[in-house]
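Next up: the structures, one after another.
Presented sequentially are two complexes of chain A, the first with chain B as partner and the second with chain C.
So, the complex of A and B:
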């Protein structure tokens, strides 16, 4: 009887086979694979067949600057996000569950609030005559308004704010899996709070930092709204450039090539992260 | 008088309205293996945590060689501890776990290597140095934890129910290891457990906790053979309690009347009782006999069940007044037939081996 029952469970799965997956495969092909291929095709055929679009992007100093800027912003945003998110995630991981889920829902709620609304709110706060500058000046900390907007500072502040949940969520998961008794044990072994953080907590939370960090970095690479509103003309990012190429210059080939380069870089980073995190999990090396 | 090695002075810990530890005072000589035994919530772990520095006591003091530990943060107390759950650092190898306390103390590399090798030899895990904790069994993990806690030669080792997550066979194996390590290192050990067998097996002395107070402190023999309260008698070993009424003390021994009206003479008089006061007579299971000896008291019982275990026999019986008795008399070839003969009749005990407590 048990053997028959097992067969009864196993057989529908095998008989359904790939046939049952067909709708899903068609969906993925139609909406994910075909557009990427079309993008690639366009980048090497528009306006004429050849690699001239890639040559133009990679050979031109102006475009190189945009690429550099894009990576710089994404890098700075990722670092700042990790620094801000870590203490918040740690607090959420160790606080009583009821309070933690309340704070979680507040964080999630901010994610659901319209992106434009949040970015405009930062414009109001950060501008020369904005709330922050006026408050600092009235207290007497500064004489001149700080340049907080239309530059890297503005983009970083605005984007870190938007990226925080994407860092906090995976990090809380990793930190919750760490037994707080491990840290007590470290303390009794003679580790100062800083030593316990550096030698125990930080290495153990690396998978979460890597997962969240990659997510933030990749999202930042292709970000459009916040850099467009809070950034300056001198530090244009790739997404803004693509928008300009396609909307203003109607240069679909160049825009497609830029988008494709972004995609390749993103996939390369993802592969790198899989390798790093996968390895550290397998061997436990920090 | 020389000052005690470790001294707990009127330690009190309150959580809001709830007082977990009430004015516990205790002196522990160097090299002693002292166990805090008690049911959960009796304050034994809280006392241990105050020594470790995880909890600030509400009042009182903990002195090590005359110096208060309370103002010293955990990481500077130089105390070793093994926890209930496995608290090895999962990303570090066995050797690096043991080396950790030496590394944070910035000891030279050669000394670290030597000490790690010594410690792994002490817990007999030399061949596991490069493994990660996840690749070890629970028992091996606790042995690594023990090696890590002893690596920096702490004057005191705290152990918080370190064997509770292990199965019975492993527990016994590691108990033997702990005894050997205590002998070999001479470290002072404070051990918390709720398992009385473990406490009896390991300890020089046992402090039995109840509701945040030490009910009795002494050797295992003291607690088993000379319990001062009914709680101690009930917690250590198996006990049978019979409802009784105190009559009088004659020549240092007490006379009591049991619920069925029979009189028992020659009971040790350890408590001051009033004539006619309700009391409870405690008899250990092994104090019962199936055949009477001189001076034995007898109980008329209904025998519910008997079983034979080789060296002992188990007899479950009920007295006329409804007290249930679990007796474990030693087996004796002459008694074999008396079990049947006694069926529905009588069992016997030496009143000098019984204890009388106020009800």
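So, the complex of A and C:
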């Protein structure tokens, strides 16, 4: 009997936990899981039952181009973001606190400012008669304005701008977790700065780079706003194509099938990212 | 010596130079937009030929901008309240609960953050059309709460994990009811997490574009929908004026956050 009584005390806590989760589960179940599943169902039933929507998407050159563009942009954006973010995160990790908090404020300001505001700024900056083209022309680097907008160049610049904070901030954490003594030891043993970078700093920050890079890649794949505003009509990306299929063409079958492909790719990469983060945590703890 | 700021030598000069450039790159759009909003050129010439407040006057003279801003504020406030309330309850379950499948539930509740918004947007758009919630405030708030919930759960759950439960238990031993102990001991201790959750879920709704584009009706549009519509027709400097006010709002929010954090931590 005492054992049962103890269980009687322990079980309310457990069920209280579940009870607390109820509102969240109802919200997510009813307004997230059900709509997404209904969309999935629509992709194989609209206009008739079958896989014809997927066949159409995967068999057509126009759509193949959109998929290719999307992966290309996401890939280039990720590489550029990693290359730009690493030195900044490196400095942030070791800079004097006053300087670091100033830099953090700039990053947060950029991150928290309305997405459309930032994209609008780039639309004006990058246009044919924009500041950047004028500056380059007045310095004499170019004598014709460069086409910086309505193409993949514009999308890449705008996307790198948006993704930078998402790469810098987690990388600072990774770099701060590295023990400076390992690098001091390398220097004492005669390693050149370059060798110390290549053989110690870079390998130790690789889990952070991989996790952050994968996150940027996944976010870029499904991004809608910036590609729609800075990109051109001839090189559309996947999210924009999905929106257009639904909003302008009212082709629900094709649109939901494309959305489902995006969902599967995203979730698979996200699962990979979770494993990477988990592994880096495990090695960090070891 | 690569992680020793004072002993980097020439590398420090190079890295600091690069970091300064990136900081300038990050600041550029905001500074540019604010300057542009005071420029007199209708065609956004820069540097502006003269300075004016005309675009702000135009902005405030147009009731549709004011109305869109108020709609956004209303929807974002309701979203933040709902997301924090639901997220708070859920965090207790996720952190304290002891049942099978807890990690799976956590993953499920955080999924709206990783799923591309456009997928959720068309799914919920179709669903709400059928329910008759399309173009309604309730539809907006529900859809935004789904998107905001992860941003509410993460800071609250993190704060709760860092809170020592034995203090709450001590209060119960001393005669407080479990609810009293939670309200008077636990909640004040995790207030920074709750506060961050409120800010983040407000911003998640206030800045949300994609769901809003699908959900909006001619009579109900949020500020991002209004900006989106203007951006697609032309790049009028009125958008620069509206954007500058949004930059000012972000700055104000950052300052309030920093001050409150300092106050709450002491």
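In the analysis below, the second predicted complex is superposed on the first by the 242 of 286 C-alpha atoms of A that agree within 3 Å, B and C clash if a C-alpha of one lies under 4 Å from a C-alpha of the other, contacts with A are read in each partner's own complex, and residues count from 1 in each chain.
Keep in mind that, in the parts below, contacts are C-beta pairs under 8 Å (C-beta built on N, C-alpha and C of every residue); 3 or more make two chains touch, one makes a residue touch a chain.
Keep in mind it's a predicted model, so treat the numbers as computed, not measured.
In the superposition on chain A, no contact is made by A:272 with either chain B or chain C. Contacts of A:203 after superposition: chain B is touched, whereas chain C is not reached. When the two complexes are superposed, the chain touching more residues of chain A, out of chain B and chain C, is C. Contact with neither chain B nor chain C is seen for A:264 once the two complexes are overlaid on the shared chain.
Of the two partner chains placed by the overlay, only chain B lies in contact with A:185; chain C stays clear of it. Within the superposed three-chain model, A:195 lies in touch with chain B and out of touch with chain C [touch as defined at top]. Within the superposed three-chain model, A:58 lies out of touch with both chain B and chain C [touch as defined at top]. In the superposition on chain A, A:83 makes contact with neither chain B nor chain C.
Applying the stated touch rule to the two superposed structures, the overlap between the chain B and chain C interfaces on chain A comprises residues 184, 187, 193, 196, 200. The touching residues of chain A, counted against chain B in their complex, run 179, 181-182, 184-193, 195-196, 199-200, 203-204, 284-286.
Residues 13-14, 16-25, 27-28, 31-36, 38-39, 42, 84, 87-88, 90-96, 103, 105-110, 112-125, 127, 129-131, 134, 161, 164-165, 175, 178, 180, 183-184, 187, 193, 196-197, 200-201, 218, 221-225, 229, 239, 242-243, 246-247, 252, 255-256, 259-260, 262-263, 266-267, 270 of chain A are the ones touching chain C in the complex. Those residues of chain C that touch chain A in the complex are listed here as 1-5, 11, 15-16, 18-19, 22-23, 25-30, 32-33, 36, 43-46, 85-87, 89-94, 96-99, 105, 108-109, 111-112, 114-127, 142-143, 145-146, 149, 153, 203, 206-207, 209-210, 213-214, 224, 227-228, 231, 235, 239-240, 243, 246-247, 250-251, 253-254. Interface residues of chain B, counted against chain A in their complex, comprise 52-54, 73-81, 83, 85, 87-93, 100-101, 103-105, 132, 134, 145, 148-149, 152.
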